[in-house]
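Pasting the structures here.
Two complexes come next, and they have one chain in common, subunit A, joined by subunit B in the first and subunit C in the second.
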Partner chain A sequence: MDKTAPSLPKAPIKLGHQTSRKFTSFAIMFILCAASVTMVLPFIWMVMTSFDWGARLNIPFPPSFWPEDPSLRTYRAALTNVDLIRYILNSFVVAIGVIVISLFSALLSGYALSKIRFKGAGMVLVLALSTMMIPFEMTMIPQYMLFNQIHLLDTYWVFFLPALNYAFGTFLCKQFIDGLPGELREAALIDGASEYGIFPRIYLPLCMPIFATMVILQFLGVWNELIWPLLALNNPDKYTIQLGLAMFNYNNGSRQMPSIIMAATCISLIPVLVLYMFLQKYIVESIATTGLKQ
Partner chain B sequence: MMVSENTQVITGQQTTAVRKKWLRSTDIAGWCFVLPLLVGVLGFSLYPMVSALLTSFRGNGAASAQWVGLTNYSRVLQDDLFWGALYNTIYIGGLSAILGIVFSFILASLVHHLPWQRTRNLFKAIFFLPNVVSAVATSLLFSLLFHPGKEGLINYALNWFGIDPVGWFTDPSIARLSVVFMILWSALGYNTIIFLAALQSVPREQYEAADIDGASALGKWRYITIPSLRPIFLFMIVMGVINGMKQFTNVWLIGGSAGNPSGALMTSVLYIYRNAFLSSQLGIATAASYLLFVFILLLTLVILKVNARNQLN
Partner chain C sequence: MRRNWQTVCIVLLVMILTACSSSAEGEAGSQTYSTENVKKVSDVSGTVRLSLAGWQLENGIDPVTGQETTGFNQYIDDTFKKMYPNIKLEITQVPWENAQAKQRAQLMSGDVDVIYTGGAFAAQYYNEGLLRDLDDLIEKDKTFDPGIYLEGIWNSSYSTRSPDGEHQYGIPAILGKRVTIYDKQIFADWGVEPLSEVPTPEEILEKAKKMTGTDPKTGEQTYGLWFSGNSINQSTFVALSYYFGEKGGEGTLDKPGDIKWSLNTPGMVKALEWMGEAAKLAPPAFVNGSGEENFGLEKNNVAMVLDNSGTTIMSEFRANGDKELLDRYVPVMNIGKDGTGWVAVDPFIMAKKAQNPEASWEVMKFLASYDTQKWAYLNFDYTPTLKKADFIEENNGYVKNAMKMADITKPTLMDEANPFYNSEIVPAVNGYLSESANGKSPDAKALLERLQSRAEDWSANQK
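And then the complex of A and B:
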């Protein structure tokens, strides 16, 4: 189907149709622009306030979008008060580890469930899919107790080990690989290839679209996660970016420091915003195609 | 066809191997491939579920070795705080799910109607932007925007219309609603993107047929678009309920562990967190988490049931 033209048929059916269509388009644009402004204004205020040295203790009255005392000192204060660079690096370490482990698990299992018809495959699939229904909040306490017992709290294993359980990824991979021809595997088997060599050599290169989708989804998920780091990490040197930011705010108590906190928040957003800027189309597409399957 | 015949020949040669069912090489390979997933599912999903169930039947704190039967469950069910938390959770989760679906569907329909591909993509990108921002950043930002004094940006804007400063996150009767606003801002784009993808899949023939009958744009929206997106709506409601029941980060950052103001922001997950990690009552916490889980399941089943009945009519 023609994706670029979902609009109504062009031929005017009755008199004045063109003008009424123009008016509708105009009204729609107006509503959408108003909605866009609502979405974007908080960001603009955040960025503007983050540069306002005058707002380092309290929000000045009247509130404004233009900084009263524009300065970079707010950012210096944020970086000296919060170990943001370390937290960002920590988050990258966690994200890379989780992505590597979860994609390894998801791609292998997705391939096996799709192409290798082994005994018990159906059972494994049902098991994996049914655990997708279990919310993390259900299992967080026993998981905490488990990691406490094996003395791995305060290490990044608390993120890496559960990453093996990426059932949604398995599901995405299985569905994607279902769309690839099974004859490739059968032909390779006849040519004497081993079962273990077929996936990395033949199917993996074809899986790049779903690979990229999972990297994006997992990165955003790990980067923005708070509750599990909050439970599992005690040592401030190990904090992830969200935990570091949250604890800075938490420890401040009633002191506001609006512009310092906004500066720290802006810094924490840089990696995802850069990612979004370059991969915006791809991220939106990933959500559109995977969202419904979740 | 050639290929399948060949494989038959090969498997024919391997009849001895096939008879020893457990040694078939494809089975071994298959299990090797799913091993990492199985370790993950068993170790970090099923084991914790069983472990939580056992913990919920045991004593709290020092008495954690004792079996206490259903004591924890009855204590949770008699705890006013638990019911308060459940009420807040349903209030925040339900309202944000319903409003989110309505608004995002309207937004998606409007964007879908635009004839220019580039403009549509621009709006998609703008609406989705808040979604990549973490709940921590959103909560910090909104706690300043919703500042209770007259210097808060929202209150300042309301002042132009002669409205007195509102205690967004300090007035117990409004705090839940403020959290709903915040969730709407950050989550609206996600649903909009999904609705847009779904709108593109509605068959165009139906619209063309309606055009011939002289249907208005609104009529087509009401009688073609909405009915054909029924499964998507259902999916959104179920996901919205499940996600809405899990609110923690935003309420914890705004109201702290007490769910301030006056417990208005005490949600179920916050209740579980408090009992487990602040007062080390693991039995109570796991019992509460099982009750919440059962509640989510029941709610999902009811939604599916209602939908099935509606579909029959």
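And then the complex of A and C:
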């Protein structure tokens, strides 16, 4: 009895601890599941409504997850009334141009600021970052007037030229390259490599996670941009996808055609989903890597 | 395995998109105009930069009826280009919701000659000196007949005529449809007499009170009326001010500093109190502009809707040829005096910096002509601004009533063209409605006193 007595109080404590851990884990799972459902439900509702021909003039009330009049006609109307495919292709052209230019600029400047310690590097970084503090609404009109003066309105240069200053990308790259060993560069320099050789051969392959993150961020930024394309483009043949989506209304805005707009929105999301599908490995890696220290 | 799955997904998506796409580029829409007698009418030459808010360029599908429609591009190819072979059109299509930002930028940078836009925007651009008067062009052109347009619009709309009434700066192209419509079936269920042809606000309120509650036949909740509680132009308040004989003040919008405001008069108090009462009889969601989603359909639960376009009802009729809903939803005149109400007119206007006024004038004239209005009505249900719109279906009482109303209404300072009305009065009225709907019994007189004081300050600052 004496031998077993001391162990008696331990058992209930152990059980209580386990129960408490299980409960905490269950509560966390429950909250996460509820949050996931909250995020996913509007998306599912959008997809389901996009197939509802009956919802082309009014959103059904009370809201329903199953289409009253299931049909692909909503998609046909979306693709026929507005030249969505052309706008998607235009958005691709703009996105690719912006991504190439902005990533080129961000990676090189990030590398230079991180590894080549030149005079005034800190000031350059602060200056670049300070451009992020000015909201686009402040620079929009001067930018419009500038492009008007140099006769570049209604061309894609209105997207490509501002992409040269991708301050957020520069900051991201600098932070990321800070985490990569500087010894790699020193070893390469000792072996006779130049800076132009070191960056593309040694550091660029190591930058793939941040590269993928920036591609996604820039792609989403360009894809979702409305105000600047609205102001800068005049020819409908050059419009981007968000302008195309904004074209959907009936009778001068008196009706909004909900299911057709949702069909158009679903179509516009496809390229984003495809891109995410192909880059998700790098995105997850980049998230994981940001937690590691050298 | 995963890569295969991704590939399958993409192939499937491409197949679905291809299946839903138009079968051929330039597929002909339904032919709603004749191309046989189209002849050259003018030798005027030049390039005209045209900015269109909200028009559909491509041939497509009517989202309501599912029938094919002829887009603007094809209509222009079939008609305008043959009539004016020396005028080159450069078209910018602007989303309706974002029209103001884009078109203002175009006007300021001299990037546009002719614009189609919302009436309130046109009035604002004119007051800012961005538009050109058309008087000289109208006087010179013997082929142009202003008599084809509804007189009420041509002579007094803020969207086409200068605030002092001396100059014409726009041609009316499309009318906003705003009529009162009631559901005959709900009236019958409750045993309430149908609305008069020209109902007064008192009649509407009295009948709405009787029909708010549980429908004696269906056992479902019904509401007496609906109007928008968050309207950006509070057209119901405008119509009520007409009924109570209130103009909001004396003066003109080109001299805002000289306006003598009268917003706190007994008539205005009555108008606002009417809205407060009506707010209690509407579906709760009316404060957000919702709650009438089923009006015009089989499962409706709202007896009357003020300022409705009847689009849903006509669309159902056009789509199915079923007259049942058309008979059930009856249009009457608006609630202003003698059936008047707020009239929205969207015009064609010319930029002050227009590069070629002669060619631009020809374009404007063509786009507001009988033929273009007929094409716009038959393809996109745009309400015409013409005296003789013989292409409107006999049974489309919604459009006919809207046109009758437009012909007799004379706008006052209670109009969205008035910056103070838009920026101060409308939000205050919407706030009042929200409080009324939530049972807070706000003080209408005190609110109007505050508005009067703010209006006087605003005018003083304009001097």
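We adopt the following convention: the second predicted complex is superposed on the first by the 219 of 294 C-alpha atoms of A that agree within 3 Å, B and C clash if a C-alpha of one lies under 4 Å from a C-alpha of the other, contacts with A are read in each partner's own complex, and residues count from 1 in each chain.
The working rule: contacts are C-beta pairs under 8 Å (C-beta built on N, C-alpha and C of every residue); 3 or more make two chains touch, one makes a residue touch a chain.
Please read all numbers here as calculations on a predicted model, not as lab measurements.
J.: Check the residue A:P60 against both partner chains and state whether it touches subunit B (first), subunit C (second), both, or neither.
T.: A:P60 sits against subunit B and subunit C alike.
J.: Considering only the touch criterion stated at the top, classify A:M123 as touching first (subunit B), second (subunit C), both, or neither.
T.: neither
J.: When both complexes are superposed, which of subunit B and subunit C contacts more residues belonging to subunit A?
T.: The partner that reaches more residues of subunit A in the superposed model: B.
J.: Scan A:M208 for contacts with subunit B and subunit C and give back first, second, both or neither.
T.: In the superposition, A:M208 contacts neither subunit B nor subunit C.
J.: Using the superposition on chain A described above, determine whether A:I150 touches subunit B (first), subunit C (second), both, or neither.
T.: neither
J.: For A:S109, using the defined touch cut-off, is the partner it touches subunit B, subunit C, both, or neither? Pick first, second, both or neither.
T.: Once the two structures are laid over each other on A, A:S109 reaches subunit B alone.
J.: Name the contact category of A:N81: first (subunit B only), second (subunit C only), both, or neither.
T.: A:N81 sits against subunit C, while subunit B stays out of touch.
J.: Does the superposition put A:M257 against subunit B (first), subunit C (second), both, or neither?
T.: After superposition on chain A, A:M257 lies in contact with subunit C alone.
J.: Pick one for A:N235: touches subunit B only (first), subunit C only (second), both, or neither.
T.: After superposing on A, A:N235 lies in contact with subunit C but is clear of subunit B.
J.: Touch check for A:N224: first (subunit B), second (subunit C), both, or neither?
T.: first
J.: Enumerate the residues of subunit A that count as touching subunit B in its complex and touching subunit C in the other.
T.: Residues 58-61, 141, 144-145, 226-227, 231, 246, 249-250 of subunit A touch both subunit B and subunit C.
J.: Which residues, counting only subunit B, touch subunit A once they are in their complex?
T.: 3-4, 6-7, 10, 21, 24-27, 29-34, 36-41, 43-49, 51-52, 55, 107, 110-115, 117, 119, 121, 123-137, 140-142, 144-145, 147, 149-153, 156, 185, 188-190, 193-194, 196-200, 204, 207-208, 211, 214, 217, 232, 235, 239, 242, 245-246, 248-249, 253, 256, 269, 272-273, 276-277, 282, 285-286, 289-290, 292-293, 296
J.: So in the complex, which bits of subunit C are touching subunit A?
T.: 6, 9-10, 13, 16-17, 19-22, 49, 53-54, 56-61, 63-64, 66, 69, 90-98, 101-102, 105-106, 109, 111, 118, 174, 176-177, 290, 293-294, 297, 309, 311-312, 315, 346, 380-382
J.: How about subunit A: which of its residues touch subunit B in the complex?
T.: 1, 3-9, 13, 24-25, 28-29, 31-32, 35-36, 38-40, 42-43, 45-46, 49, 58-63, 101, 104-106, 108-109, 111-113, 116-121, 124, 127-128, 131, 134-139, 141-146, 161-167, 170, 183, 186-187, 189-190, 195-196, 199, 220, 223-224, 226-227, 231, 242, 245-246, 249-250, 256, 258, 261-262, 265, 268-269, 272-273, 275-276, 280-281, 283-284, 287-289, 291-292, 294
J.: Tell me, which parts of subunit A touch subunit C in their complex?
T.: Result: residues 56-61, 72-73, 75-83, 85, 141, 144-145, 148, 153, 226-227, 230-231, 234-236, 239, 243, 246-247, 249-255, 257, 260, 267, 270, 274, 277-278 of subunit A touch subunit C.
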